[in-house]
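Pasting the structures here.
Next, two complexes with chain A in common: one pairs it with chain B, the other with chain C.
Right, the complex of A and B next:
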């Protein structure tokens, strides 16, 4: 009996609830391994093979090394490397939509959380600005297509007002097509960003805003010196997820231009290019494009993360160092 | 208050979702046809066929639009105990072919009721399926090609060894369908024979286009309107024996014609299926000529049949500058079908059942694949098409045109090459790119969809 007591004490001490934590996250990791990680490696593996279908005949898979990548980065007779053109399109389309998205979302988030403005009916506004996100991108694109088509109401209206002449076609003009895509992406996503940023701002201690105001800081100063630095982690998260979504942009331009990326493939994105190769199940080329998209995403995310967090981490680090020296 | 708000917003959301739900047709869709068939009246003379014990319960059909489905539901009585499942995928961009290929490749391992029993194929790619083991010999289930079927429809559905794998329910000779009132204004006559005499070569046709333009009309409403008239007269296939892309003189002739038509404003930059084109078929339309076969009436000319804004009776059909045919829907028997009796029955209904075929001509303005039936209409002086034409006997014209249809120079690549060429050139015609860029985009497109085809390098 005497011996038992310390033993039980000992086991009590070593009871670890952490194992339950691990058990609970097992399902996620299993699903992740099977449905995300394994396909990722398979994609990379596939990108080294010639593997497509000619009608009902399967060609390959034959190992071709880096041929698919070489083909992707070789210039066509006019000297354009098409994948770079599509990458540039994707970037332009994303930036054009993301800049207004973040500016408006930040503004709205600040208005909604401001204790000074104290906006009434927030629930209503928040729901309404989130609503475009509930519409399927394909349906939204069809709507825009119908509105702006050659026989659509906008064309007729603008013609009547004399803004455009009858030969104008929204879908054969690079600027209008890109603007439409950017606008749709902006409309669909600014509500989502607003809500996430609001949550971020509400997570900041109100006392900080109040004390800054008491110290005589104006709203602009409060925004840049207090809100932004403290919001940075959430902001970076939003930016990176938006960027990943942007690089994978597909549905809106695909449906809007009926898969053509018109005009002159100026609104064709990387994933639309990938989709083109899937017409004949060309897993080799499609895999190679996926790998390139993966690399681009990784690099851009790293850059954004480094750029935005460095600025706000360093002063803290310096501060701590100084403190250390004093101590 | 909060509750009210929540309910209001939820209602709004549901409304907006419902609103877009109505907007977009979800494809692919699988519809069960059994119930609707029960209501439609079956032709009285059709003999009842009961499925034998060995026959399957589900008859699965792959198709790309509702056209044949409509006729099927109207004229075919499904045997009791069999459910018909339609799987529809749009043809655009090769989606139908992709989905069909996928299903056919899984055909061997699919459960009996999930197997495809029959699928539809178009002239542009029928060879791909006919020359494969995924379609079966029609004689294997007792169907015999009737002597009344058009020769080219049998040839198209036969593989290299002459084994026939399916039938076509239509024959598609095509001509020029013109607006009488506009012809009267431009040419001074709207009598078919006289109009035909003025547009019986492309040179004359081009000259009339200039006259039409001078009077404020368009000759055609789409840059691709005349495409089939040229492309179905090609003397060489899209690719040669070594898989090199080649341009037939007919294709280049179409490109030359279209370039000048666009420059001169004789036609519109709309695509062949675009609303901008079909709106020209309203009473207010300014376009004189449309190119099409019999299926064109109901499939493309619904605007002309609009009770308020349409112009039924203001149309006539002539041969035009060049005889051609366009499209056609073949019904192919899928290997592995467990409903072979029904297959045979369907094939017979739509190729030899005179009662059904007569109704299809009379009520649906189809040009059916049965020379006896169409000949009777062609020779019947009292017959006239009044549902869209001015009472002219269009079958007589189609009957003459159909005699010359030949099946040659087709490849399995035709659909996406024809579609791609039109799509890429459209950008040149609407002024977004120059012609060289458009062609380059076409070659790049081929590189994506058919890597095995060699395109001309610069």
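Right, the complex of A and C next:
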């Protein structure tokens, strides 16, 4: 790849353009260092210090070793380990949204790519199902709150139909709150996953489908024996990036429950927990939670990294790219 | 005869299957549109009309609600939209330009440590902003940069995901011969990038600008930690503020209008450019 100018005269040495490579990547790395890497180390550093406000008094920062982590994983007076509870909440909320997201997305991707079905109006369908992905999560959540609130139209409609009675409150019921959050996450992401999986299916050699059909395989067999195995890398990639997105779940439950994770903290996620300590300026505990989330995402990232470097030239879609990219 | 009846049976099966598939698709589309449809309808109704419950038809109070929301004393939505617009536009420009520049630096030049640099960016690509938010907020406090646009704009210079997209795109559309040809013509390296490379990757730039704009416009977590002055707040912070306000005193028509205004710029962009946006979700990579 080395670029050489034609050496017409013996006095000229070949020109190296290497320095331009460095010059062009410098802005990226300087900004990354100052605004992401340094804060990352500072965050980890903070997790070893006691540093919070108690009333008007500022406690710390004092070095306390692993005390913050110990506090994080010890039970409160009621006997619950809060971080585990919030981790479980996050997992439940993510799974409840991701299962329909992936099932439906896979189905739609197969519908859209099937020659036999030959679905018309694909452009329109794709446009509509992708739309919620771009909507501000905070606004979408606020919209859900307004529509489902005690004085909202959904409550009125369901009361009218006699499905619920006037005392019913969508926001004091664990199942309805969690369902609303999962529904929003589902609606926001299934279109995106559909498009990514579709691209994956279209990347598979058509001859394989044809020969399988000629050999007498029915569509179910084709799906399990041909489509799925070949789609697996992209499917797993989607799944893991979706998990990384799921760990970051914040805007929707935060706005829907006004930061309280109601009812009874059953919809409070890990990042809402982190946000609570950040706003209270308890930097020691916030640091420790950040490190825990960092480790989880780090492990998941390692898998993505392996997949990308092994075959990063294969169709890999940018997925969940809008989460966590711009500070 | 048997084969003909098999054939018709197959055709009937296919028709039934098609009907089911279309029904599923239409149902999902209605589900996606339903909540936004209600939002638009409710933004046209007065508080009294809203109190009567559910309706599928618009009323005549759209402009009244718009004026009320626009002039609200506690939630300064025009200012919020202006703040969000400034931040989102600047981020979109910076993120695409510098991601392309970085990708070009790695795509077109050979230098020591290039492989390592590339590996590093891929490795940190998925690490979310939340896990360094604490250090970030502390540093911004120290630099007296809270209630400023700077910490919400400058970091977008380093966006690993956009970089990755640009790199993939360049691999598929940017042959190195073009750069050599430019050199022979006496074009400087930086000029080559600005006048030859950028126009060649225009589709990627456009798509990433839209995605960056949208993600910045919708961003809530970090801005909420940095902006507490009323005149600096961005739209998502105002929406969250709306949620924490005393709800019973609110004019509900105005609330729906606030939500509509919050998503309107993105919605309009999407309606105008949906085709290229959807292509962009996968394009840069699938071409390779």
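The rule is short, and it goes like this: the second predicted complex is superposed on the first by the 250 of 327 C-alpha atoms of A that agree within 3 Å, B and C clash if a C-alpha of one lies under 4 Å from a C-alpha of the other, contacts with A are read in each partner's own complex, and residues count from 1 in each chain.
Keep in mind that, in the parts below, a residue touches a chain if its C-beta (ideal position, glycine included) is under 8 Å from a C-beta of that chain, and two chains touch if they have at least 3 such contacts.
Bear in mind that the values here come from a model prediction, so they are computed numbers and not experimental data.
In the superposed model, A:293 makes contact with chain C only, not with chain B. Of the two partner chains, chain B and chain C are each touched by A:123.
Within the superposed three-chain model, A:40 lies in touch with chain C and out of touch with chain B [touch as defined at top].
Of the two partner chains placed by the overlay, only chain B lies in contact with A:76; chain C stays clear of it.
Residue by residue along chain A, chain B and chain C are tallied for touches, and C comes out ahead. Residue contacts after overlaying the shared chain place A:111 against chain C, while chain B stays out of touching range. Judged by the touch definition given at the top, the superposed model places A:305 against chain C, while chain B stays out of reach. On chain A, the patch touched by chain B and the patch touched by chain C overlap at residues 123, 127-128, 131, 134-136, 138-140, 142-143, 149, 151, 258-259, 279.
By the touch rule above, chain A contacts chain C in their complex via residues 1-3, 5, 17-25, 27-29, 31-32, 35-36, 38-43, 45-46, 104, 107-108, 111, 116-117, 119, 123, 125-132, 134-147, 149, 151, 153-154, 156-157, 160, 187, 190-192, 195-196, 199, 202-203, 241, 244, 247-248, 250-251, 254-255, 258-259, 271, 274-275, 278-279, 283, 286-287, 290-291, 293-294, 297-298, 300-301, 304-305, 308-309, 312-318, 321-327.
Per the touch definition, chain A reaches chain B in the complex via residues 52-56, 59, 76-78, 82, 121, 123-124, 127-128, 131, 134-136, 138-140, 142-143, 149-151, 169, 172-174, 258-260, 262-265, 273, 276-277, 279-282, 285. The part of chain B that touches chain A in the complex is made up of residues 2, 5-6, 9, 12-13, 16-17, 20, 23-24, 92-94, 98, 101, 104-105, 128-129, 132, 134, 269-270, 274-276, 279, 412, 416, 423, 427, 430-433, 436-437, 440-441, 443-445, 448-452, 457-458. Chain C makes touch with chain A in their complex at residues 14, 17-18, 21-22, 24-25, 28-29, 31-33, 35-36, 38-39, 42, 50-55, 91, 95, 98-99, 101-102, 104-106, 108-112, 114, 117, 119, 122-139, 151-152, 154-165, 168, 171, 176, 179-180, 183, 189-190, 193, 211-212, 214-222, 224-225, 235-236, 239-240, 242-244, 247-248, 252, 255-256, 259, 262-263, 266-267, 270, 274-275, 277-278, 281-282, 284-286, 288.
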